[in-house]
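Per-chain numbering from 1; labels A, B, C and D assigned in written order.
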Amino acid sequence: MSEITLSDVERTLKSMAATALRNEKYFSDLDAAAGDADFGVSLASGFRVIDNDWDELDKSSIGALLLKASMIITSNTGGCSGPIWGTAFMRAGALSREKGSLSLEEIDSMLAAAIEGIQKRGGAELGDKTLLDALAPVKDVVSSYVGKDGVPPGEILKEATAAANEAIEKTRDWVARRGRQSFTGDRSIGTPDPGIVAVATMLNDLCEEFGVGAE
Amino acid sequence: MSEITLSDVERTLKSMAATALRNEKYFSDLDAAAGDADFGVSLASGFRVIDNDWDELDKSSIGALLLKASMIITSNTGGCSGPIWGTAFMRAGALSREKGSLSLEEIDSMLAAAIEGIQKRGGAELGDKTLLDALAPVKDVVSSYVGKDGVPPGEILKEATAAANEAIEKTRDWVARRGRQSFTGDRSIGTPDPGIVAVATMLNDLCEEFGVGAE
Amino acid sequence: MKKFVNDPANFVPEMLEGVALANPDMLGYIPKFNIIHRSDRPVNNKVSVIQGSGSGHEPAHIMAVGPGMLDAAVPGNVFAAPPMDYCLECIRAMKSDAGVLVLINNYQGDRMNWDMACEMAEAEGINVKSFVIDDDVAVQDSSYTTGRRGVAGNFFVIKACGAAAERGASLDELLTLCDKVNSQVRSMGVALTSCTPPAKGSPIFDLGNDEMEVGVGIHGEPGRRRDKLKPSDAIMDEIFDAVAGDIPFKSGDKVALMINGLGGTPPSELYVLYRRAAQRCKDAGISVVRNYVGNYCTSLEMAGASLTMLRLDDQLEDLLAAPAEIATRVF
Amino acid sequence: MKKFVNDPANFVPEMLEGVALANPDMLGYIPKFNIIHRSDRPVNNKVSVIQGSGSGHEPAHIMAVGPGMLDAAVPGNVFAAPPMDYCLECIRAMKSDAGVLVLINNYQGDRMNWDMACEMAEAEGINVKSFVIDDDVAVQDSSYTTGRRGVAGNFFVIKACGAAAERGASLDELLTLCDKVNSQVRSMGVALTSCTPPAKGSPIFDLGNDEMEVGVGIHGEPGRRRDKLKPSDAIMDEIFDAVAGDIPFKSGDKVALMINGLGGTPPSELYVLYRRAAQRCKDAGISVVRNYVGNYCTSLEMAGASLTMLRLDDQLEDLLAAPAEIATRVF
């Protein structure tokens, strides 16, 4: 795989912010099914600041940008999403501090660190029906290509996106055990987890951004 | 006209009570259009006691019965309806104290006294879109037969009922100037006054009770 | 009907029983006549201040009974003035050598029942006087001959009279005070939803999702006008103009400012409204020396709010600040 | 959306501005971080007691700030825990040599943001401890790993700690007290309607006309179970059994009994519920020495109510009776 550049990361972050803003209402509505209808608002509140302050953000390195994003999210996002997403960006940023580009192996480590950070922060395990259940299969796809040469990044993104999309359906009938929806117990069965949908939607939009997919 | 007996008055009062009870919800719903939806409940609360305590009521004379009814209504009916209906029965009862039967002329005087009492009590005038606008045409019908011999009471009741029924439609587009509906101003236009409907409904049921009408 | 209710016919008695059970020391309860009264009243050297109106306005008036406020309240059915007998029994129960003051909100039903009861009580030798409150600027068209309604401004009359009575004011002095408060207080309300009397079982009126009722009273009756729902500030601007423009309130005035919730509107929204009202006062040079944000005089669970402004002088400011104690525990 | 709201994005700040404008002397306001605090706090010889959770629970927690209650509150958006920065700034603003006590209701979002903020504050040398409240018996299935929610029982923890802190209790003593209150308090709620967060603009869930949600929390989330609407007494019986059966409360116990309205339920219905709860206590030999009927911890305008029972000993009874002052004026 060719390296992922700072510019790619910038496009990725901008695209994620756009996804969060565009889907603010949709994500909140998803959270209404078994939760408290604030996920879209919360997610958008951090990404809105990233979007607004984009020109002033420190883009001296990939890590600098991700750590700045982490701080913005943590400062501006309430609910579960601030700590969860803020921690993910912090962990990923810590592993890419001075970097101007990333190998697939590095991306794999960053995903692993983000997942581990989220687990530490919120105590969730795989199977608790949280966005971890989308991130883990995404990381698995990335891991499976580490060490394999010549695979275009777009292909990997496409496959990772498919894995996230599958996670939505696969987890739909699970019981939520974390966040506000966990209190409704079995009633979370049958409704997709908003965090998982958000991860998948961001990946789908990324495919669009990088002109991948649409077969 | 033949005389109206104590037994006729008893049947009349029982029939009025039945009408009030049967239409509790309907009369409240009518009051909802421009008022506060309590007319049916209020009217029923007094007549319910009359109905329940029927066997114990003093039926030694027409006046005794009507005064007892007045007391029960006044004690148990809130809102405008307690004072209005209580006063009407009191005035009518005062004119029939020791009587065992009534001439048409006496009935005419009792209606006049009831109307005057209601006006004194609540300050309403004809045209204010209150039950006075049903009672007045009813009294006019009765008055028109005073002194005329040989008219069966049923005929007079029928004509009086028609006058009350007409009052509903005639006053529908008036502006209410008394009671809770008066506060909504012009918005009472187009909805019938619940008090007028109640008077008309009682008369219609009386026709049934006495086997009049149904031509 | 989305309500905690058993048999709707027992709604009011069960509520009153609940109030009595919750305040065994402070309040007395006479079930037969719906009377809630201070258990330490009447006393002979203090005027008894009482009120009775329909139920459905809670905390008014039953939760306004206590030292420095009402001596007794006698509610009727939901939105229906209490029957004459209830009024009369309440006067009798609260009779005092210093007299009984009946505070009546200006509704025909309330007035007629209380007028009859006062007449009877007087005939029994009880010294009783009544005062009629009419603060609602939504109702001012002279063609509506019953005049203005009494709405949340009533609260200020109760508070001022309650405090003055506690300090030994005579019945005549209290009547003068009533007149002063009533002449200086103005209100207007807006409803966003209707409400459902338990006995009716369905909402009194229907309101579209984008509509509001302007100029509502407190009996669930529709307002003077239906309008499109507007942003909160625009709604406050409209009722502020109507209320402040009525006496009118002027630059330099000191006022008590009340945002009264009609029952179903949460405090968050009431404070959004208060913010604008306070800004408008500031812009107009009116100084808010005391404020009230909460549910004081409601229409069951109606969503909506009203604005009340009372112009203060030193006497009124002092009376509003006087201690009082009622059966509502906030902490 | 039937609400008094301007731009929904400004709903919380405008509410807070309203609260600040209404209490210029008593409360300070730090707009950047949604902080409402006693203007005379912090002082160095008293532990500061603070809380921050989502908005939409008013009067909790912003209207619980005042002498004898909270020193500061820091709300997030509607139903969303405040961002970590807000929590940290609140700790900083209230820091005192005696320490800072953070009262957290048991929600993942609240816990994570406060945990992070407390860690950072400690790193700055601030003496801060937190306590997690979880009184909701509706959530007890061990398979739900976040455990019970904190709901209206929170109020009693605030009141007890607020009073004890005022009397000079140390941070450690307060933590012991928190533990005592939390172990003796149980709650459960029922919703008759959903509620509408301003930013969402429509109800969180739909409920049929004859349905209720049993076991709701205070964040507009649905309950544990949907059921047919029942008469008020039957509803109270169900939640009373769940609450009283949990510790369990026993004959001879002294309790504080709270009927908490969820926002859209008027006092009349709350007293109908109280009546039954009081009867049930009496039948069970449980003596109610203090009661609370009103809106303490709400879900915006949700119609519904919860029952909270706190078992009292002399210490708790004394602390609940201690004076307090908050920014809610009831008369």
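Keep in mind that, in the parts below, contacts are C-beta pairs under 8 Å (C-beta built on N, C-alpha and C of every residue); 3 or more make two chains touch, one makes a residue touch a chain.
What you see is a predicted model, and the numbers here were worked out from it, not measured in a lab.
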item	value
Steps needed, at fewest, to go from chain B to chain D via touching chains	2
Distance-maximising chain from chain A - centres being C-alpha averages	B
Inter-centroid spacing, chain C versus chain B (mean Cα positions, whole Å)	33
Approximate Å spacing (C-alpha centroids) for the pair chain C, chain D	29
Mean-CA-position distance for chain B and chain A (Å)	74
Graph class of chain-chain contacts, one of line, ring, star, complete, other	line
Complete list of chain pairs which touch one another	A-D, B-C, C-D
Contact set on chain B toward chain C in their complex	25, 28-29, 32-38, 41-42, 45, 74-84, 86, 121-123, 128, 175, 177-185, 187
Complex interface listing, chain D residues touching chain C	2-7, 11-12, 14-19, 21-22, 55-56, 58-59, 63-64, 68-69, 159, 192-193, 209, 229, 231-233, 235, 263-275, 278-279, 291-295, 298, 300-301, 303, 305, 324, 326, 328-331
List of chain D residues in touch with chain A within their complex	54, 76-86, 107-109, 112-113, 116, 138-139, 141, 143-146, 149, 197, 199-201, 204-205, 217, 219-224
